[in-house]
Amino acid sequence: MINIAILGLGRIGKIHVANIASDPKCNIECIYDIDNSISLEISKKYGCKVSLSAEEAISNPNVDAVCICSATPTHTKYILLAAKAGKAIFCEKPIDLSMERVNDCRKELQKYNVPIQIGFNKRFDPSHLSAKEKKDNGEIGKLEQILITSRDPSGPSAEYLKVSGGMFKDQTIHDFDFACFILGNDSIDEIFATGDNLFSTEAKEAKDIDTAMIIIKSKSGVFCHINNSRHSSYGYDQRVEFFGSKGMLISENLTPTSVRKYGDDYTDSKDPILDFFIERYEIAYKNELEVFVDCIINKKPTPVNFEDGRNALIIADAAYDSLNTGKSVKIKFD
Amino acid sequence: MINIAILGLGRIGKIHVANIASDPKCNIECIYDIDNSISLEISKKYGCKVSLSAEEAISNPNVDAVCICSATPTHTKYILLAAKAGKAIFCEKPIDLSMERVNDCRKELQKYNVPIQIGFNKRFDPSHLSAKEKKDNGEIGKLEQILITSRDPSGPSAEYLKVSGGMFKDQTIHDFDFACFILGNDSIDEIFATGDNLFSTEAKEAKDIDTAMIIIKSKSGVFCHINNSRHSSYGYDQRVEFFGSKGMLISENLTPTSVRKYGDDYTDSKDPILDFFIERYEIAYKNELEVFVDCIINKKPTPVNFEDGRNALIIADAAYDSLNTGKSVKIKFD
Amino acid sequence: MINIAILGLGRIGKIHVANIASDPKCNIECIYDIDNSISLEISKKYGCKVSLSAEEAISNPNVDAVCICSATPTHTKYILLAAKAGKAIFCEKPIDLSMERVNDCRKELQKYNVPIQIGFNKRFDPSHLSAKEKKDNGEIGKLEQILITSRDPSGPSAEYLKVSGGMFKDQTIHDFDFACFILGNDSIDEIFATGDNLFSTEAKEAKDIDTAMIIIKSKSGVFCHINNSRHSSYGYDQRVEFFGSKGMLISENLTPTSVRKYGDDYTDSKDPILDFFIERYEIAYKNELEVFVDCIINKKPTPVNFEDGRNALIIADAAYDSLNTGKSVKIKFD
Amino acid sequence: MINIAILGLGRIGKIHVANIASDPKCNIECIYDIDNSISLEISKKYGCKVSLSAEEAISNPNVDAVCICSATPTHTKYILLAAKAGKAIFCEKPIDLSMERVNDCRKELQKYNVPIQIGFNKRFDPSHLSAKEKKDNGEIGKLEQILITSRDPSGPSAEYLKVSGGMFKDQTIHDFDFACFILGNDSIDEIFATGDNLFSTEAKEAKDIDTAMIIIKSKSGVFCHINNSRHSSYGYDQRVEFFGSKGMLISENLTPTSVRKYGDDYTDSKDPILDFFIERYEIAYKNELEVFVDCIINKKPTPVNFEDGRNALIIADAAYDSLNTGKSVKIKFD
């Protein structure tokens, strides 16, 4: 039984709390949030201890692993505290918005030998994963093109956007990581990114874009297109297409039921697609936790580690470089 | 080049006129309708001769084949006139509403050796046909169940219904023939038919049903379900399902385009399905004509002959018998 | 917290054990199986008490509710024991194969006032349920036709078939209940049922059919078609179609992922559909338990009670009557 | 009746011959091909005159319009000959591979006032067109993103590739024109194009790419992604996606029938998609001819004129510029 301390009890933190509670292999040891009233509320529901500081939670000797879901600027600090305390670490993406701080944390982390997993949930979606496995099994021959569509149903608040690091580090980062997952980190060679503020006044206020299109080229000769939007009237659009020499695989959107409606105006209609990440990636969140716990128990390397989190940020930085210069930018992962 | 006389220029007659005009292997020799003004109008468009009587059209020495699209009560008369004149015959379904007249015609016809084809268009639909071919090729193993859905977008007028012979002889007859096409005539053993007047005031006035469900059993051990309605808000519902020991084939409805729409309320929507038979079975009508002309030219037996037309009527009569008695009724094709 | 005793730990019993274990509102108080080694194994996994007899389990004063998953012939006995002990009852279908025993049980039950729910899981499937709700909301106008397709991936053993009560009481009974769910019990008027042994040697040995087609008529003027098979190469085929005056709703099959494959031979392919009931109706099983527990806690009437279980058997008996006579049979629920 | 001279009787020429023959509003006046035996063969089939030179065909006083389907280097010469002779012109794409020759032709053409239409068939596909119309009708709000997938089933010969002008002027040019069709020429602002030779030895020999990904930005704030491949195992992949502020429209691939197959390994499978342009764009070819003839008869401007043909080439040249420099390139249409 892995005892876990959860730091940060916002939207994502609450998902992890519920998943840890229902997973027979792990347990909520204690929880911490800067707003203690939220901790108390959750403590009441799940019967877990409330820590009054992140430090207290991390240093709790019963704690085997720390799940970091707090605000991004606190990530590297908590990662290092947990590493020093010898705890396994699950940290939400992104590691940090500043590559400098990420690199400092990386250097420091090398002193400790603790498992660390970054919360790229998209890798654990059963449909995306099944498509990858079919590709890996050679069902479509040699991979040549990837198309990733990621459109959020609606954008975040102006406040959130101002501290989000921008679309590429907040939203697209999942797609950057997914491209790495498919292509292998070392294989990503070059990126061209473009985008604009087409509709969102919140994004405009935060000097952020709300629409993006990207092309990534891999050393192994695969082209990857990503398109993003901060709104989507029909739900959380999450599709992936793999095109290979012998076929194509598409991981389609999901709807809550299999019902099809036929009426006067439209036929064969489905309901709106699952919306938002909590619903769409419900199983992915469970799966990433199970894998994390399994890696701790069986002393296996985590499938999405600190380097993966850093690599996604390197790509995001290159994407901003491309957006600003109008040029294709080489990626260096060193 | 096969020269064809067309008798009757209603909705179906006009489809055949257009198809004959555009088929390079046949030619409209002359046309006849009880309303001469319609003949004149069509003559103007297609540059063909107008006959002032069916007899005149049939006896025209240039005519190789007669296409009978006139009112049902005239069918057997024109069939026999054409047979006597040695012309090939294409006759719309049903041959006649009275089995007695059909049998008289059948007896008389035996004296002549002319090709005759009945207008069961459904057999010639590319999707239904492709499903049949896949089944015949063993792609689903041994056939065990058939499901036929046939729902008209809207019912005919009370006037038409009164002379239509009732739902089973007017609408379901296509499905009876299609079941024969799949199962082989001799194989059909027994029928249970039920139905009711659920909504149509026109059908009520004509003492007809507007909704039906039927189960046919074949000697070879196949069960066939048919469901019918005289209305369908989403278009002309024409589906066929073949279930076999090794798989299933479904011939789905057709939409005018491949466009899918995603909106606030519904996603992945198609447009309403093709509506009505003129659109849905457009290619089927062309194909049945091509096959008919090819049979004449190459002296091949027609694929849907007088016996097929009569057999469908035998099944329809048995269906009425079952509807009236609440019992499963044995079919005798002799 | 509702404490539940589970009787019978076969395939279905194990589903309920797992669902009760993970439901925060109920608890496994004790378990019983005629094979004590199975009880011990499950006790080890879930940390629950083992009862050495059904009587012991039922009479346990901590037990609030009994979940009867044992062999069908034991159902009525355990129902009455539980009723006498004042426990809430969840009983798997069918109540019993003999209408006489069902009626005796019914009479005796009237003395006790305990909640009882029958395990018709199909009612609780999110897709079927969503289709029903849309229908109830008037989205397709007045209901006119229902089509239910239920094909098991593969049939049971000859041993099971011999005690199963036959296809109509074992497999179709779910569809009979589902028809009642949609139409309302009182509304079912008449049934025509046919079937045959087309392929299964096990069914033949047990003198059972393996293929069936059925038409039910309701007093309110709805026609319902059911088709069944004891095998299906492509998985557990569970579809429902509602046809109404203003549209149609189809609850389609489910696949494990949303992946579509495009290859040389076929395009837009899904994986095989979810197979078997444990996978397809996984959420339905959870939902029926939640509803049962909620009914106990909030003293609400259960949505599928003893009368519903008995009604499905009455329809099954009428179906056999129709199968044997070739006639449509009137249903009497009194 | 518009009398048409057809120059060049290759694959595309033959499509136009057949369409002109079956269109009641136009007529094949004469045909010319450098290989006279092909002319004789087609003359035999359609009963039309054979011209011994393009000049002879163009100068034929009965000829109202010239349909130029000959090799690309002959296009501008024939366009000018036809223009001088006062004939309406239908010219296959591309106008020419050299912008200099296109510009010379354009200058010369300004002296004559003849209708000219370029053969961009994709604009006339019923599904793509329907999606555009829905978008134009505001069904998805303000357009924000376009995704165009164009993958040929298999690439041309090395010989053809050497004179094709390269992928962007041969294959992608249809997508460039389609983007112009949707966005309006003036609206296209910038292009980033990348590509590689991933698999085709013929393309390699011709120093051509076989895979491409492109992003176009419009002045009005729309992003357009194009992906291309010279092979596709599952058929001719032709999809278009319009994403707007209020919804999304996808024009999906077409299959020859509506049959869905369910088997052991895959379910809900369609046949391979329509392959190749002759089948997929069969109706588009008919529609573009009808529109051309209608423009001549009713003295309307053609919907895809010389400027459109030139604009697509300007975009292709910019695409090559981007491919070579790795930079986003501004488009200038003047």
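As written, the chain order gives the labels A, B, C and D, with residue 1 at the start of each chain.
Note that in this section contacts are C-beta pairs under 8 Å (C-beta built on N, C-alpha and C of every residue); 3 or more make two chains touch, one makes a residue touch a chain.
This is a predicted model, so every value here is computed, not measured.
The most distant chain from chain B, with centres taken as the mean of CA atoms, is A.
Chain pair with the larger contact count among C-D and A-D is A-D, by C-beta pairs in contact.
Measuring from the averaged C-alpha position of chain A to that of chain D gives a distance of 42 Å. Remark: chain C and chain D have CA centroids separated by 58 Å (rounded to whole angstrom).
The set of chain A residues touching two or more other chains comprises 233-234, 246-248, 253, 261-264, 271. Within the complex formed with chain A, the residues of chain B that make contact are 233-235, 253, 255, 261-273.
Residues of chain A that touch chain D in their complex: 141-142, 144-145, 147, 149, 151, 190, 192, 194-196, 198-199, 211-213, 215, 217, 221, 223, 225, 227, 229, 231-234, 237, 243, 245-248, 326-328. Residue ranges of chain C in contact with chain A, taken from their complex: 22, 126-127, 130-131, 134, 139-140, 246-254, 256-264, 271.
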